[in-house]
Structures are given as structure tokens and as C-alpha cells.
Amino acid sequence: MTQTIKSEPFILNIGPQHPSTHGVFRIKATVDGEKVIEAEMVMGYLHRSMEKLAEERTYTQNIPFTDRTDYLSSMSNNLGYCLAVEKLASIEVPARGNAIRVIMSELQRLASHCMAIGAFANDTGAWQTPVMWAFREREKILDIFEVTSGARLTCNYMRIGGVAFDLRPQFEPMVRKVLNDFPPFLQEMEDLLSGNEIFLSRTRGVGVLSPEMATNASLSGPMLRGSGVAWDLRKADPYCGYEQYDFDIPIGYQGDSFDRFIVRLEEMRQSLHIIQQALDGLPSGPHSTQVPLALRPPKGEAYARIESPRGELGYYLVSDEGPAPYRFHIRPPSFINLSALREMTVGGTVADAIVVLGSIDIVVGEIDR
Amino acid sequence: MTRELSGPEVAALAEAAVPGSVAKTTETACYLKPEHLVQTLEALKTSPEADLVHLTNLCGVDFWDHMEVVYHIQSFVQNHIALFKVETWDREKPEVPSVTPVFHGAWMQENETYDLYGIKFPGHPNLYRILLWEGYPGWPLRKDFLSMPGGLQPGLGEFAGVAPRQEPPVKVIE
Amino acid sequence: MSIPVLALATDHWYDLRDLANISDAILDGADKVLPFGIVYVLAALIGFVASFLIFVLPSQLYLGVYGERKIIGRIQSRYGPNRVGPFGLLQPIADAVKLLTKEALTPKESDRAVMYVAPIIFVMPAVLIFAVIPFGPRMVFANVPVSLLYFMAISSLPVIATFMAGWSANNKYSLFGAMRIVAMAISYEVPLVMALLGAVVVTSGAPYAGDFLNGLALQDMVLWSREFHIWVVFVQPLALVIYFICVSAELNRTPTDIAEAESEIVAGYLTEYSGMKWGLFYGMDIGYALGASAFAATVFLGGWTFFGLEKWVPPWMIFIGKTHLFYFLFIWTRGTLPRLRSDQLMAFAWKFLLPLALFNIFLVATERMIWSSQDYAKGLIYVFAVVNIAVSIAAVYGWARFLGYRPENTPVRPRLVKNAGGYIPVGSEANR
């Protein structure tokens, strides 16, 4: 005679006010005990209707909006938008401008991945230490941004046809310092987390994504590479002269949270390598081409994408020869990376769901726009 | 470099996969017939020649008299990207079949398009307003949804001192 | 059974090396003026106030609040509190004032009575556990013969309070925390007691001053380390490791703080508490950690002895130093390690710690038999220490390997490929 104990599923709100949702994102999880049996995403708490607002401003006026979408990688967002406009209006960027853009977007990748791995380690329960160490290093990069563009977070530095200002004289020593400081820091992170049995047991085999699933769910960036798909737009579709630089694409083994973590760590190493090369071969010349302020691109459409720290960041612009874009669409990587969230969380525990969410590395400003 | 397939190239691929699926072709894009959309994309996804496996971008565009849904689909192995479009001419009840059965990644983006354009996607497992709340009045990204206070025409009218843009083909009902 | 403790110091009242002198002087004087019996109440008060003033309060404020924040700040390469007072030394007081003046909210749908009582129940055992801790040769408030059992019994009481707190708040996160802590406390009580059993087996029955030591009395364990000039930790290293892990699980310290896992369930059973109600939980968490550290210092680290140094340095200072040293371990792990998942934590207790604890008992019982057959030879215990340290390391490593610990099979660097393309199966990336 056996008697089974029945448990009643109930709904647990993870978010919008929760320490681990990195903003105002909400997972409506139906849990049976600790086990998640259904997960529903609720978003839009930060919706600012940027795509609509952008239709009412000129092409140049729209650049600051892109800062505010993914506020952790504003340089990359500026770059993606400027590339789209340049593609639409067939504008050439001088070599120096391209090199500066590469350096800036790679520095931005370092800063953003610092945040990502720090917050991810925080989600696994490493109480603040990795995030603080990461912030220590990120601070140096933000200082560089401040020197160069005047702002730390929302840089608004890229312009259509180049960058806003040329580099300051103190720029190069600061970047050299970052290049010196980062490898020991990455080694430190590896010692603290990658070699830690608790961290491994928390992240290995958690949120496993098969490469088929990752492709089918339109994932991009470290999520896709963690699953073993070698896809990096800097290699596949080089922009800003990325084809001149030598770097590798890190890919994971089985597509779990740990793979995404080590892929991010290795991407930081590759970024340092790219910055080194770009800084050594920084061409002289103008940093920007002259573009009329009242830019009126010809009728048509353009879809330009870059490899932002979170994945493929695309801008789809439609022009009707007006001064403002007729249609301004952002393809936000962390929004679309969430499509696989349900598949990764259902069946795991609540604690696993938090780790998976941390490994996606969402930025709510970009999800909600 | 990722090769951007031109409209006729994409149309040829689509026609080879599902005959009669292409509605029209422009220089860059291939317009598919809505009734053949899912079938065509499914076929192109599995065909090794096209290998369009990764639905990169899906969004809607409003052209006053009709709306379009834009699909950017790319291949990792062939390293090319194709642009498909589907038109819907019904402004009251716009409908485009959902490609979620083919591409799971369309799930979120179709929800977003529904939320902001009001385009229904029959076949979508759970179509809801993902960014705004249920019952939000109107579809914000449609051109007749006015966001500038006092403005009649969406979009920046004109720079100062320049003749205004021509009137939109569809009059806004006050 | 009580063994006369050899007085270390003179019995002048001004001899601060043993604070029992001053307490005896006060009580003797009081006995002459006060009616019979009052002096026992006075003794209890003196013990309470003294232990509170010299140990619990300063340790709680300056190690538990200020020290922890400062040390974790240094671990995290930041300054820690440095605004209030010199070096931020007044920070704990500012914290306390802030907590006292903050509104203690009670949710509308909560079980108000239980929610109110829970912090009080939580505080009481924290005060009681210090009764049996020996601070010095004669500085033990209640030298009960079974003080180890008393300690174990009292220290498992707060689980009830935390469960009450979690259940009464009518919050799902609180409920999660409450359920987790009950499951975890039950699991970890078992290896904890098993580990302590090893220490008891070593110490009990050893000859001391013509009598035999009682291994269940904490004072006798200290005397054992004094007699044999070795701390129990060297004979029982495995027991200390198991004790440390178990006790940090019971105390909800990171890496095992699943009951108030901040990143998962907000604050667990404390989610709905605020103001001083929360402050009681917070303060007494530190109190329990101090109690556990004091217990570990007594059982494993030789208590107030330090190989003869206790004749010169006040023994209670040595004891407090050892306690703080052990408490530093809690801070250190908190600042370093990620948190385990609750099922992994249970599995760790039952699959890893319990077998090792049983093995440890088996080992120590064998040695104990050999030892008694050799008539408690003093040199033999050092041989046991060396053997046990080696065997413990081997046992931990071997058992971990047996359970599937394979660090060499775990790649910590991703694969690198030169060119973009589709999916690359594991093993075929070399040619890309």
C-alpha cells in the first residue's frame, strides 16, 4: 500500500522587484516545490517606445537613443546604428575612424563582459566578490570613455561617418594600462570561479541548449557560441575593418551556463588581442567624414548588424528620403536571446532558473526599448 | 563577408523550393505569398543549398496603405542572408501566418510585432502584447498612431524653411 | 564528576589573568551582607554581564558587524565602512540606531502573533549557548557534565524560530526559505554530531590528575589538550572540517546560505521582516556564529590553553582570540565561495559528509583502543595526529573521486576556432 504525497503547484514571481533580474524583468514561474514546471516571461516595464520616437527625429538626433537601449554597451549600440545609416546613405568612414571604432567597441565588450560575468557569479551566490573585482576593472575602461567622449555610460561617441572627436593624448597610455591589467584579472577570475567546484556544480549542465535549439531560437552572441556554433559577425560579416585583425572565436562544448561563462571570459582575452593590434596600427588621418547634419538618405532600406557583447545587434532602417527614418527597428540581442528561456528553465529548480537568467546576460533597457 | 542575396536570387531559391510562392520581387527583397510563407521557409530551412536556418530579424513596417512583415534569415554554413517580405493589405484585421512552427526565435519577435502593429499571426502558440499591456489603446508603431502632441502627421515634418513633405496617402481620421 | 582545575594564577582579586578571582571576591563580600541564597542570583548576573561585556557584545559589534564588513570589503577590493567615526568604527552603533528607529512592518495577511514571537524565540538560545563555554580555568558559567550535549540541543532550537518566521510571513519567498532551512538543518545535524563524536571519543576517559576526563564536558576537553600538549584538531582534522561545513550550513552562512539565498529567494525567511525585528535576527545570526566559533575553539582548538602561554597571558584573551580566528573562516568563505543549490547541499551532507564522519569515528575508535591498551602513552597521540592528517586527506580525496570528482575532465577554457561557420562538434575544431 503506497501513499503518494501530492504537492500543489503555485506561482512564484521572480521579479520585477528581485535582486537577480538585473532590472525590471519578471519571470512568472509555476513551481512544484523547488521545481519549475512552467515559466512565463513578463516584460515591458521599461518600455519607452524608442522605435516610435526615433521616427520623429533626424538621423543624427537618434544616436543618443541608441545609448539608452543597451546602457551597458552604448558604444556598440552607437556603432550599429551608425553603420546602418552609413549603409543606407553609402557613406565611407576613414581608416582612423574605423580603427577608433574597433578599439571602442572592443573596450565596450570588455566592460560589458565584466558586468556580465560578475553578475552571473553573483547569481550563483558568490556574494559580491566577483562583481566587485569586475567593477574594479570596468572602472578603468569607463575612465577611458570619459576621457574620450565625456560620458561614462551613455557615451554618444560614434557619429555617422566616423566618431565625434579625435582621441585625446592620454588615451593611449590608459588603454595600455588596461591591456596590462586585464590578463591578471582574467586569471584571477578563472582561479576564483572556473576552478571552483561549487561554481562548476552550480553551472555545469544547467540550462543546456543544443546547437539546433540555439539556432532555431535565433540566439546570437555568447549564447550561440556556448552551444558550439562558431558564429561571430566580426569574422563572418566583418565591419569596420575587423578582417585586418587576428583573433579566434571561442566556442563552448555542450551549451550549458558554464560554457557561456567561459566563452565570455575567453572573448575578453580575444578583445584584448584585438585592441592591442588596433592600437599598434592606429592610422593617422581624419577621424570622420563630413556628413551633412540634415542627412537625407535615398529611398530604400538597410539592415546592418554588429557583434555586440550580447550578440547580434541589428538596426533595420527604412528611408523615404525624409530627414528622419521612416522606420527604425532595433534587433535587440538580449530580447531575442530570451526566446529560449522557457526551454532552459523548465524542469530545473528555482535556483537554476536564476543561474540561467544570469547566463543570458540580459539588459532590460534593450529588451523593452 | 556575408553575402546579401539579391531579390531575384532569393526568389529563385523560393521558387525552386515551393513553386508559386513568390508574389513579387524587388532588387533586395523577395515578397512571398502569405499562404505559402510557412511552407517556403520550412523548405528553405531544410534545403542544403539555401540552408536558411537562423531567423535573424523579424519586424513590421507600416506603409499607410499596407503593412509588411520583414524577415531576415541567414545561413551559417553558406554565410549568406536573405530578405523576405510579406504584405498584408487589410488595415483593420491584418494577418500574416506565424513562422513560429519553423523558427522558434520568431516567438518573441512576432509577439512584439503584434504588440506594436496589431498584425495577427495565426498559428502562433501564445500571441499576447509582450511590451505593452492588454487593452492598450491602438497600435503604437502604425503611422496613424500619433505620438507628438498636436501633430497631425507622424514623423518629423521638415527642417525649418523647407517645403513640407507631401501628404500621406491615407488621411488620419480625427 | 568534576575534576579540580589547577589554578593557573594567584587568587588575588586584582589578578586579571583569571576573572573568576574578581567575581569570587565580589560574591564573598556579598555573601557576608546579603541574606542566604541571593548570592546565587548575583553569580548568574555577574556571569551573564561579564560574558556579555567582555565577549559577546564587543565581538558581535566589532567582529560580526564592523569586522565582517571591513574584511569582506578588503576581499572585494573596496574600503568597507569608513564614514562614521575614525575608520568607520562607530558604524555598528549607527547601524543599531538606524534599525531601532526604523518601522517594523508587519504584512496585513501575516500571522501576526507568530511573526512577533519568532525573533524572540530566535534570541533566547543564542544567549543560552554561552552558559557552558569555558572562558578560562574557572570562568565557566555552568560546568555541566554533559555540556556538549547541552550545546547541541540548544543550538538546534533556532531552526524552529526561523521556520516560524518563514511560515508566518505569508510570503512565498519566506516559505521557500523556511522549508529549505528545516530540510537542511535536519540533514546537517547528523554529520555534525557524528563529527563531534570523534572528538568525544578521543578525549573521554583519558587520565588526568588521578581521575578520568569526561569527554562530554567542554572544560574537560580543554584540559585534555592541556594535558597532552596537542589540540584536538590535529588528532581529528576531518572532524573539524565536517564541523565547519555543517555549522556554516546550520548558521546559513555562505556558501550554504540557501535559506536566505539573496539572489534566488530575495531574503528567504527574513523577506518580510524590517526594523529591529530583522535586527534581532541579524544580530543573533552573528551571535550563533560566535557561539559556534567559541564551541569550535573549545573543542578543537584547545580552548583557553596555548601550550603554557596561558600562565602569562589571560586565558580568556587566548580563548577570544581563537574564537575570532575561527570566525574569520566564516567571513572568508562568505567573501569567496558561490552558493550550492539546495538539493546539492542535501546530497553533500548525506553522500559525502556522513560517510566521512562515520569513517572518522571508525578510525578514531580504533586508535582509541590502541591508545588505551598502550596505557595512554603521551607520545602515541602525536603518531595518531600524523596518521590521521594523512588518512583524512586521502579519505576526502578518495571519496570525492569515488563520487565522481574528476577535475582533469572538466575543460575550463573554451575551444578556439579561426573561422565562422555552423555547428562544430566537440573534437573536430582542430581543422577549422
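Each chain carries a letter (A, B and C) given by its place in the written order, and its residues are counted from 1.
Please note the rule applied: contacts are C-beta pairs under 8 Å (C-beta built on N, C-alpha and C of every residue); 3 or more make two chains touch, one makes a residue touch a chain.
Because the structure is a prediction, the values reported are computed rather than measured.
In this assembly, the chain whose C-alpha centre lies farthest from subunit A is C. When the C-beta pairs in contact are tallied for B-C and for A-B, the bigger tally goes to A-B.
Averaged C-alpha coordinates put the centre of subunit A at 43 Å from the centre of subunit C. With centres defined as mean CA coordinates, subunit C is found 63 Å away from subunit B.
Inter-chain spacing, taken between the CA centroids of subunit A and subunit B, is 25 Å. Across the assembly, subunit B contributes 76, 79 as residues in contact with two or more other chains.
Within subunit A, the positions touching two or more other chains are listed as 215, 229-231, 233, 236. Subunit C has residues 420-423 in contact with two or more other chains.
Subunit C meets subunit A in the complex at residues 72, 75-78, 172-173, 176, 254-255, 257-258, 261-266, 334-344, 405, 407, 410-426, 429, 432. Touching subunit A in their complex are the following residues of subunit B: 1-2, 28-29, 53-57, 59, 61-62, 70, 72, 76, 79, 83, 103-109, 112, 116, 130-133, 140-141, 145, 147-148, 154-156, 158-159, 165. Residue ranges of subunit B in contact with subunit C, taken from their complex: 76-77, 79. Of all residues in subunit A, only 10, 12-13, 18-20, 34, 121-129, 132-133, 136, 190, 192-202, 204, 211-212, 215, 225, 227-233, 235-236, 248-254, 259, 262-263, 266, 349-352, 354 touch subunit C in the complex they form.
Interface residues of subunit C facing subunit B in the complex, by the touch rule stated above, are 420-423.
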